[in-house]
Amino acid sequence: MKMIQAIIRPERFENIKKALEEHNYIAMTMMEVKGRGEQKGVQLQYRGKKMEVDMLPKVKIELVVKDTDVDPIIAIIRTAGRTGKIGDGKIFIIPVERVARVRTDEVWT
Amino acid sequence: MKMIQAIIRPERFENIKKALEEHNYIAMTMMEVKGRGEQKGVQLQYRGKKMEVDMLPKVKIELVVKDTDVDPIIAIIRTAGRTGKIGDGKIFIIPVERVARVRTDEVWT
Amino acid sequence: MKMIQAIIRPERFENIKKALEEHNYIAMTMMEVKGRGEQKGVQLQYRGKKMEVDMLPKVKIELVVKDTDVDPIIAIIRTAGRTGKIGDGKIFIIPVERVARVRTDEVWT
Amino acid sequence: MVLNAGDTAWILAATALVMLMTPGVGFFYGGLVRRKNVIAMIALSFIVFAVISVMWVLFGYTLAFGPDIGGFIGGLSFLGLSGVGLEPSGTSTIPSLLFMVFQLVFATVTVAILTSVFAERVKVSSFIIFAILWATIVYCPLAHWVWGGGWSAQMGALDFAGGTVVHISSGFSALALTLIVGKRIGFGKDTMEPGNIPMSLLGAAMLWFGWFGFNAGSALAANGLAANAFVVTNTAAAAGAIAWMCASWYHGRPSSLGVVSGAIAGLVAITPASGYVDAMAAIVIGAVAGLLCYSMMLLRIRKGIDESLDCWSIHGMGGVWGAIATGIFATAAVNGYTGLLAGNVNQFTIQVIATVASIAYAFVMTLVIAKIVDATLGLRVREEEEYVGLDISQHGEHV
Amino acid sequence: MVLNAGDTAWILAATALVMLMTPGVGFFYGGLVRRKNVIAMIALSFIVFAVISVMWVLFGYTLAFGPDIGGFIGGLSFLGLSGVGLEPSGTSTIPSLLFMVFQLVFATVTVAILTSVFAERVKVSSFIIFAILWATIVYCPLAHWVWGGGWSAQMGALDFAGGTVVHISSGFSALALTLIVGKRIGFGKDTMEPGNIPMSLLGAAMLWFGWFGFNAGSALAANGLAANAFVVTNTAAAAGAIAWMCASWYHGRPSSLGVVSGAIAGLVAITPASGYVDAMAAIVIGAVAGLLCYSMMLLRIRKGIDESLDCWSIHGMGGVWGAIATGIFATAAVNGYTGLLAGNVNQFTIQVIATVASIAYAFVMTLVIAKIVDATLGLRVREEEEYVGLDISQHGEHV
Amino acid sequence: MVLNAGDTAWILAATALVMLMTPGVGFFYGGLVRRKNVIAMIALSFIVFAVISVMWVLFGYTLAFGPDIGGFIGGLSFLGLSGVGLEPSGTSTIPSLLFMVFQLVFATVTVAILTSVFAERVKVSSFIIFAILWATIVYCPLAHWVWGGGWSAQMGALDFAGGTVVHISSGFSALALTLIVGKRIGFGKDTMEPGNIPMSLLGAAMLWFGWFGFNAGSALAANGLAANAFVVTNTAAAAGAIAWMCASWYHGRPSSLGVVSGAIAGLVAITPASGYVDAMAAIVIGAVAGLLCYSMMLLRIRKGIDESLDCWSIHGMGGVWGAIATGIFATAAVNGYTGLLAGNVNQFTIQVIATVASIAYAFVMTLVIAKIVDATLGLRVREEEEYVGLDISQHGEHV
């Protein structure tokens, strides 16, 4: 199993959620975060001097999925979340060794 | 070391925290998140048509522990967090390569 | 790539951010969390009996970086975030298998 | 009598102040529930305000203040406000319409207080039906008994600003409702911490502020009696806050919610007394209210009763204490009436009778109404909806 | 006439109540925008209040209430408040200065309502310039027409508390502004959910509370007319809330924002009528307003118009309905004036003329002013700034 | 004199308005501290309100307004409100009890303002003791000097609504307290950003709203003087907001906190002057206050003084400017008194003397009281408690 962590634009969250849903990727966890990319966030001209505006509101979604689902999900997030402008976000793939359900005694890897 | 990420019912958080404490698992980090499981969250009948309610408030707890502590902790979370109804949550085990303390120069794996 | 997860004092966040920036580590994600360490958080004397105060507000920062950047970044966070008192925080290093950008089709490992 | 612009000015302002108490209850309660029910809790207060406002002008006012029928209820002369005009009537110095709307905001806040026991588990549709029935069948008669020339007034019971009508009635109705509505899922097992304490503090500020209109406005004039009511109101609130704070400090820490709960307890208790007692008595009334309501809250929790936001322990029991205290501390210097301390046992007895009757009537009728609504429409949301929270399941919104 | 302390007391209180409406609009709107623009949205209301307050004492008041020039605008006699004294003037029973400041808070809240269409995308600097120009060129003449002895008053148009001056003017100006300001980036594609619904509910409570000063204060006295305005204001608000709630329930769920939006729709519609109609008419006026504004909101969304916080559909269309309704429901029993239902076709026609003229004037002049400001200073922030949010980019702050 | 219902109506309403300022300060300050101290900060204002309310009716009022003893303090005739009745006394037209409670809410808000310097680091128990001592030893004499017939009044110093009593006293006491209380741990090193700016804006709205009661209520009548005070209050606030906004814009961006801080600076400065100056002077007074307090805040930060929420720079220095400005701009047209601009050097000198005396008295006595409380009970919480935050450590609550 892998955990897909995607940091996306808050405005695009509903879009992405719906796109994932259509492809039957339902389970997910989301949280509100703040972030900035390599571009140092957005730069605002301010009275002559540049001012860096960093740590903008973002949404982070986490999906734990089978290894084979990683590539399709990345594609879906890209399609639904892309605006082509800086700040569209990043996706990180992290190994998950085991998954356990609280409600039952199921465990799987 | 492993990181145990458990997504649980907010109402059960205190219970789980106390249960972990009793077994001397003290250190943890928690955050408020929203989530839905494979069941597409809870389904609400609404005026004939079904309505999916997703992204319900959840609590996520993260514990970084020795490999041998993983199983006992999963068991504790299950006992303290289970209601037997959909939404009890999931537990993910993620590998941690190193742990460092900020206060001192300690590092361990 | 590795994900560095550092749980730090909220008051030290700006400091750490600036220190990272100076060494050209720009990209990061942060979120507000609550936590306690092995010391069971801070202990407050209260009318004779001790009372444990746990789950204090913390800031969690996540940086996904090249493997060679991990050590320097740990050092920077320590220098900028250390007060020497309990509660300074912990740093966890987690493997990241792949990174994808949403804006473009880039993927790297 | 002829219209007095000064009196009218004060009652216009006082009515606006009391109006603010209904959303004030909403914010106070909204901060006390879990985050998934915050909007629903506040929304109830707005819905109450809208629904009872219309109900009151249509038929509520006439049931409470129409010509007396058997000491029990008002006749239908003022149906749809017919005959309620721009001029004062009787011995009043303010427009009849103004008196009507001043009474309206009392009715709305009473129903809002009652929402405590519906918190986090009741269907908004069933609540609306219940609220209209309750206001009609419980509130209007009680208001008539005390202020509309009913048997309680005839007997000589003193209730300056609504201890029985507003607080005893809502408090004991809430207690009765626990029997029908039942506990929230997980009550006693899961943690159910207040979701937004600053919001509750804001609500408390709105309540304290509005209560000056409530009590000092009940003088229905801008005079010394209004000033006295203003002073004792504030004094009792302060004493209640200090008493509850000290009691909770003794048991642990002085929580901010304890401070404002004590203030509300003091405000409740002084309500019936505010036109009859002086500031020194107000300190006693408020302080006792703070201690009493605090222990009643602990008792309720010990008994495992899910009267969720303590309408009973604060408004019900605070109201009982206030009604009795009026019979104890009333002093001729303020308004000509005397109580037990001045040797007037009679007044004390009358207060007890009025209190017991109000409790009995509110408790029993509420039980009947709630039973009927529950049997026909059902009061509780379904289990999944309760789990999801009422914000989403009832209103389609979330914080 | 001689100063009446009772009347003065009420208008002092009423002015304070109306003052609270300007931040009330700020909180109502602030809760409706995305989290990155909350502070900026609230800040606009404070900035409006400060800027228009100074503008009004310097020259706004005299433009609106100075000696009539051609039925269109006031002369400069009261420039810098010269000649506006501590005593009443003419038939007034309150100090002239008090009348001036009562009018001031009307001007500020009108401009605050208009900020709807600037939400999340307009430079604060350009907005300030626009606001001063708009208040001078649009608001002052309109206020003069209706209350300052202008052509509309001479014609006999009825507008008790500002249906045309406040609501039609801001609503249709907002509509005009959509043509110049344009849509927010991502409008129609991205989700733009309300960021803080409880904050909007708080703002709505402040508005409902303050509106009693707005309408009942417009009697400029503490009398039966003020009481009537108070009652019909509350009744229409309640009916509007219920109507919108039911309509949105029919389409899905009764959202809390729907309840308060309906209340505001009712409040808007009753504003011009509040000195002329009775409570039963108020129920109709409010209920129709709730339904009408709800469908106008749906229409606006269907048309893809980004009049972001519905100033047009609620204030504009609610104001039109209120102005017309005044010509329908005015009844001699309240204030001597009659409307269509009493057979007075003439009044109805006058109301329509006043409404159409206000719409046309506000729409056209706003278009011109906005065009000029946009061409010279530019109204929109840069794209990155809009993406970042106005809290950071305009004010350097964040929640 | 005989009771006037209009005057009474206004002072009843004004007292309620001023009451709201105490929680208003709580919310304003609460939004400025870090999230772990929000509840504690708001709680302080409620605790102050409760404690000082009781203290005032018991012995505070008589110390301030009892029969003059040596120009310094009031005698004990009104202990426990004995002799403070429902009727007016002397030349007053409002009930004596009403005057008492109007003064009460002034005392509470003054202590609330002072909590600035206790923010995030002081034990609630020690604060309560300090507050009672400070109100007794500093506030009551100062109130007596100015309004109770003390030496300052005898000398002819003008202080309409409490520039010296309320603002200079709290501001310079806060400055003195920095010497005893000390800095927060990490001050100057750690970031200490405002935790909830919208909450501060709400508090500011409550303050601006309540301030109309504060200043216009100080006329103690519903008359032209009250109207003038209302107008200049609003005008100075607006001018202050604009001035601070522009100054902070010049240095960067116009923050919303800057706008409201400027408004408060303007409100502070106009407080003593509001019964003596006209609206044009108010623009100057407010604008200068905005600029002055802004630079004083910058100075304080530069000096590394942890007077955490700027009670000194805004209330202290704004109060000084207001007291002096009264001596400059007082104009006979308003209230018969003149200032420097009208050639009355004497008044100006008197104002300076009163100001200096208030500063010296407040500063020195506060130092003494604080030293004693610190030496006996200890003012600071322990280091771990400060780290954890006062919400949990003092109140056992969290947001």
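So that you can tell them apart, the chains are marked A, B, C, D, E and F in the order they are listed, and the count of residues begins at 1 in each.
Everything below uses one rule, namely that contacts are C-beta pairs under 8 Å (C-beta built on N, C-alpha and C of every residue); 3 or more make two chains touch, one makes a residue touch a chain.
Bear in mind that the values here come from a model prediction, so they are computed numbers and not experimental data.
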Across the interface between the identical copies chain A and chain B, with over half of residue numbers shared counting as same and under half as different, the residues used are different
Check: interface with higher C-beta contact count, A-E vs E-F, is E-F
Per the C-alpha centroid definition, the whole-Å distance linking chain A and chain F comes out as 50
Listed in rising order, chain C residues that touch 2 or more other chains are 31, 85, 87, 94-95
So chain E residues touching two or more other chains come to 4-7, 9-10, 13, 196, 202, 222, 252-253
Counting only contacts in the complex, chain C reaches chain A at residues 1, 3, 17, 21, 26-31, 64, 94-103, 105, 107
The answer for chain D against chain F in the complex is residues 4-7, 9-10, 13-14, 17, 194, 196-198, 201-202, 204-205, 208-209, 212-213, 216, 221-228, 230-231, 234-235, 237-239, 241-242, 245, 252-257, 259-260, 262-263, 278-280, 283, 334
Counting only contacts in the complex, chain E reaches chain A at residues 34-36, 186, 189-192, 382, 384-385, 387-389, 392-393
Interface with chain E, chain D side, in the complex: residues 3-10, 12-13, 15-16, 19-20, 23, 26-27, 30, 38-40, 42-43, 46-47, 49-51, 53-54, 57, 80-81, 85-87, 94-95, 97-98, 100-101, 104, 124, 196, 199, 202, 206, 222, 394-399
Per the touch rule above, chain A residues touching chain C in the complex are 2, 6-8, 31-40, 54-55, 58, 60, 70, 74, 77-78, 81-95
